[in-house]
Amino acid sequence: MMKIRGIRKAFGKQHVLNGVDMDVDDGEVVVILGSSGSGKTTFLRCLNFLEKADAGHIDLDDSHIDVKSSSKKDVLDYQRKTAMVFQNYALFNNKTALENIAMPMIATGKADKAQADRRAEELIDKVGLSERKDFYPSQLSGGQQQRIGIARALALDPKVTLFDEPTSALDPELVGQVLGLLRDIANAGATMILVTHEMKFAYEIADKVVFMDKGVVLEQGTPQDIFEHPKHQRTREFLSRFTSQLENA
Amino acid sequence: MDFNFQAMIQAIISSVRYLGTTLEISFVALVIGIVLGLAIALLRYYNVVVLSPVFQVLTTVFKGVPVVLIFLALYLFFSTGFDPMAKSMGWSIRFKQINPIWIAIICLGLMAVVNGTEIFRGAFSSVRKGQLDAAQSIGMTRMQTIRRVLLPQAVPVAVPVFGNLLINLIKASALCSMVGVVDIFSAATISGQQSYTFLEAYVGVALIYWAVVALIEQASRLLERGLTVHMRRAVA
Amino acid sequence: MSAYFNWSLVGKDFPRLVAVLPVTLMIVLIATIIGLLLGSLIAFLRIERIPVLSQIAAVFVSFVRGTPILVQLYIVYYGVPILLQSTLHIDISGWNKVMFVYIAYGLNTAAFQSETIRASIQSIPRTQTDACIACGLTKRQTYMKVIFPQMIRVAMPSFGTTTIALLQDTSLAFTIGVVDVVGRARALGAATFHTMEAYAGAAVIFVALSFILERVFAAIERNMSFTAHTPHIALRLKMPSLLLPRRANTATPTTPAAGLQIVAQNAATVAGA
Amino acid sequence: ACGGSASATNGSGVQEIKIATGNDGKPFCYMNEAGDLDGYDVAVIKAVGDKLSKYYKFTFETSDFPTTLSNLSSGKAQIAAYEYEINAERKAKFVYGTVGMTKWDTLIVSDPKNGKVYQTFDELKGKKVYVTTATNQAAMAEAYLKKNPNAFTLVYGTYTNEQIVQGLTSGAYDATLAPQYSLDLWNDSFKKGLEGSKKAVNKSSSYILFNKSADKTLMKRVNTAMKQLKDDGTFEKLSQQYYGADYVPED
Amino acid sequence: MMKIRGIRKAFGKQHVLNGVDMDVDDGEVVVILGSSGSGKTTFLRCLNFLEKADAGHIDLDDSHIDVKSSSKKDVLDYQRKTAMVFQNYALFNNKTALENIAMPMIATGKADKAQADRRAEELIDKVGLSERKDFYPSQLSGGQQQRIGIARALALDPKVTLFDEPTSALDPELVGQVLGLLRDIANAGATMILVTHEMKFAYEIADKVVFMDKGVVLEQGTPQDIFEHPKHQRTREFLSRFTSQLENA
């Protein structure tokens, strides 16, 4: 169970996050929606300490983090319980697919070389890329890279995995592949926080949908609540294209 | 005016023997530049308090100081300051026992450090920020990130530029006669002095430089290619 | 060392060095202009792979990079008059010596600048030239209206570094009797037997100039960023992540490929003082 | 063929003659603190120019030492004045002036504080001797070493005056070679007590050089004028002024 | 009327286009579909001579181009009859929005400075960005840039406009904006060749849908033909995600 309270973040004078609260149960899939610039990416980055928030608390199992005052060591411990999958894949360019998965396990002390390699082989098989394991990122297509990115995150056996628009850089066929993989992971009981623009997918996969606007959570609820009975005008506007599609088609 | 080819050949023959000196000075200076330049660049990359701005100012200043002055100041500093220092430290070595080649190496080393810092800074900035984010998101420590991600990606970018630096160091090493080291340039001058064919001697030594530089360019190109195999898109 | 360093002499030398600063600045200015024009031409020849000319340009660049500038200065100083005399029957013995210095440093700068320009042009995304072709622009229009304006910004940090290095490299002009700042320092050193003080004065001038030049180039660079003249400042904040590098080390050349090329040239190339 | 290319005749029949000379060789030819060309060689040539002003206008072409010779051989100058001593190679390439300008009695210079004042090359056995690259001192030391291999070690360099003096006092090397007036200038400038050998290890005189293809009349007129200036005591006066003593050779 | 015949293109040993034929009537909107790597972008680039095809003919009104042998001048003339809108916008970074539209008109001799400025103002108004006309591309959002890109193409008054995935880099709200604009242009009678992954939009807007696979045109027809009765297994597979969406929703 993850409890996030009062996350604030400003870049200079621009207040991007204005106190975001969120609860994520174990095994829950939370989908964050919101228009461009509403602070979704910044929020995920703050959750993973890629960006240092200005204020807020995060409780994750036995880690209790005050973003401002917690010690480096506590933060590192906490970080190692979360993993992130990036929109632009962000695989290590100087490592092969297999090494991308194995190296972090070794570096974070989660496994020795032999174990890490074994586990990496397993995962790479799971994402269907065994025969590409010795390729470098530049030799893989976008969808393949993203699947390696997901495998890399899973390898770390995180309590919570954060996904930032994991499919937005992919073509429709690849989108299908990656979404399928995410569905499998969700079904296997992983805890996930996911930013996506794939409304249909969000509708299907989410346990909870969170709508962000201007750095705050405007409303949250089950997919049915949000998609079918949005409370706020802003949410309705945002979803209009999707919902009209739902109706039209 | 007549050009005496015989004298040019003579100059080439006498100066080639000092190629080792020129290369030693330049290579050792390069190594110093790489090691210290890397350290300073990292300090500045991670914006380490106090040290980072201090080195920023030092870099700008040393860019402006004529190398000739550095040679001169260092020589006089060593020749007046070294013995008292050695005495107080209880070392048995004295200034007269120091091979002046080391003074030349320190001078060029300084120049290499200033440049090396800038080269590494440039190379670091070519590593996508996403790469560091990825490392951090995984919970890798700073040292792990430097060793496993930052350096492997920055080095290939830096290699050709260090090739350039080496070329410039080799050319600048011609100044080392200022501290009493005979390199290919002064050897050529000595040879030219014997028959007053300085111009021929200069042209001869230029040919040696050119040959060495061409070799280095080729080598750095090969090294770069070797290091970037995985960065290039394989044509499937 | 005190016997060798006399502060009052620094004070006396300094104004004499400042007095010849215009000579140094002229050399730098003219060499930079020649360097930019000829360097652009060389870069163009090599990028467009114009047969024969591009090979000649490559050899020229390799020669200049590979040999001490002193030798290049001699070749220009003694070679050009013979060449002009024997081919075009032009007698240039009446030329001021400083002309040869301009030519030699201009050619030298051109070779180095051409590499910078080449790298900067190549750093401009392919999409920009694609768009030109798609709009039906001719090659000339493509270069003049799109590539050059964008390239200048990329190349600017490098130009800055090269120019600062050039300031010092002008010292060899004294070898053939043109008195610039370093030459004057050398002469003062010879006349007073106190070399350090004279060079220290030169160092003060160069460090100051370097600071000024760095500022100027940074300003030009900012001006060329095609974001600076924002009509409404507030709007600039809309996409700050694109505009502002997130890390603080903004001093680094914006495109490493181009920027780096030059960093190494900063290494003083004085050979044989 | 290029010898005459740099000379020009102006309307009044006065021909311009270029003189190659140095710009950092105090006390012979250097740019003084005010920025003007100065020194013994320069003064001598100016005096010659005054005498011959009916025929010639002398202008100076300054550069470093090696370049003076290149300027002369390339025809950028017809005359060079930079304390050239006589040696065979130069003789083959250029024409020497006939009137000696300066006595070049080279002494072994050392610092008595570091032991002793060396008197002869023989005493220097096993010692280190500094000479500036591409100078006549270097040539004479090399010549001695050729006959007496392993006598002393030569340290080559292009040191500034500070460095030469500091090298001696710090013991980086044991001796160097220089004429008396250089020694005096060093002691004066840096307040040191360097001493020279009592007897010169090499005696010679310096002359001006003409480009081989220079006009014979010019050579003759210049040589004659120099002879007159020497005889009337102008040389000696200039020597006192620049060297602090009379170093005008007898010949 | 544009007649394209036998376009072939290989990169080294890799044959990307293996003889593509296509007819485009005046005022017709042709949508090209196909999976990633099937050669759609390459085909558009060949049509605009951004890539020199290895073989093929193109007839457009009075231009008859043999891609291999036609003279530089003929090609330039032909090029000036086509315009392209790029996936990544490709605006001139050193020109303001207005200049981006006006400069090509002047450079290609289609208008003098005054006319060009006037027309550019009109167009920029049409795409709804009058108040942004003096902004540089880096100061515009993706959707705004793409609209300027479209205006730039329209300004050249091309016989045929080529669009390569004009919305794929945009967020859902912006996608709406740009598709709306395209719809307007199509309704106004422009001739367009359009590559997109927006199936629903393709379905709505296309007069003809072309399905490409492995460098050839696998099938073509009306949207109804292709989406509802695809003849080839490959086409069915490709469209499955979309059609299932059509059914599901």
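For clarity, chains are labelled A, B, C, D and E in written order, and residue numbers in each chain start from 1.
Going forward, a contact is a pair of C-beta atoms (placed from the backbone, for glycine too) under 8 Å apart; a residue touches a chain by one contact, two chains touch by 3 or more.
These figures come from a predicted structure and were not determined experimentally.
Farthest chain from chain E (centres taken as the mean of C-alpha atoms): D. Taking the mean of C-alpha positions as each chain's centre, the chain lying farthest from the centre of chain A is D. Of all chains shown, C has the CA centroid lying nearest to the centroid of every protein CA atom.
Of all chain pairs, the one linked by the most C-beta contacts is B-C.
One inter-chain figure worth recording: chain A and chain B are separated by 46 Å, centre to centre, where each centre is the mean of the chain's CA atoms. If each chain is reduced to the centroid of its CA atoms, chain A and chain D end up 81 Å from each other. Chain C and chain D have CA centres that are 38 Å apart.
Residue positions of chain B touching 2 or more other chains: 1, 72, 76, 80, 178, 189, 199, 236.
Across the assembly, chain D contributes 2, 67, 70, 74, 158, 160, 162, 166 as residues in contact with two or more other chains. Multi-chain contact residues of chain A, defined as those touching 2 or more other chains: none present.
Across the complex, chain C meets chain E through its residues 127-128, 130-138, 141, 145-146, 149-150, 226-227, 230-231, 235-236, 238-239, 242-243. Taken in their complex, chain D has these residues touching chain C: 2, 5-6, 8, 23-26, 30-33, 35, 38, 61-64, 67, 70, 74, 76, 158, 160-162, 166, 185-186, 189-192. Residues 2, 66-67, 69-70, 73-75, 89-90, 93, 130, 133-135, 138-139, 155-160, 162-163, 166-167, 170-173 of chain D are the ones that touch chain B when the two sit in their complex. Those residues of chain B that touch chain D in the shared complex are 1-2, 72, 75-76, 79-80, 83, 94-96, 100, 177-182, 186, 189-190, 192-196, 198-199. Residues 128, 130-131, 133-141, 144, 148-149, 152-153, 230-234, 236 of chain B are the ones touching chain A in the complex.
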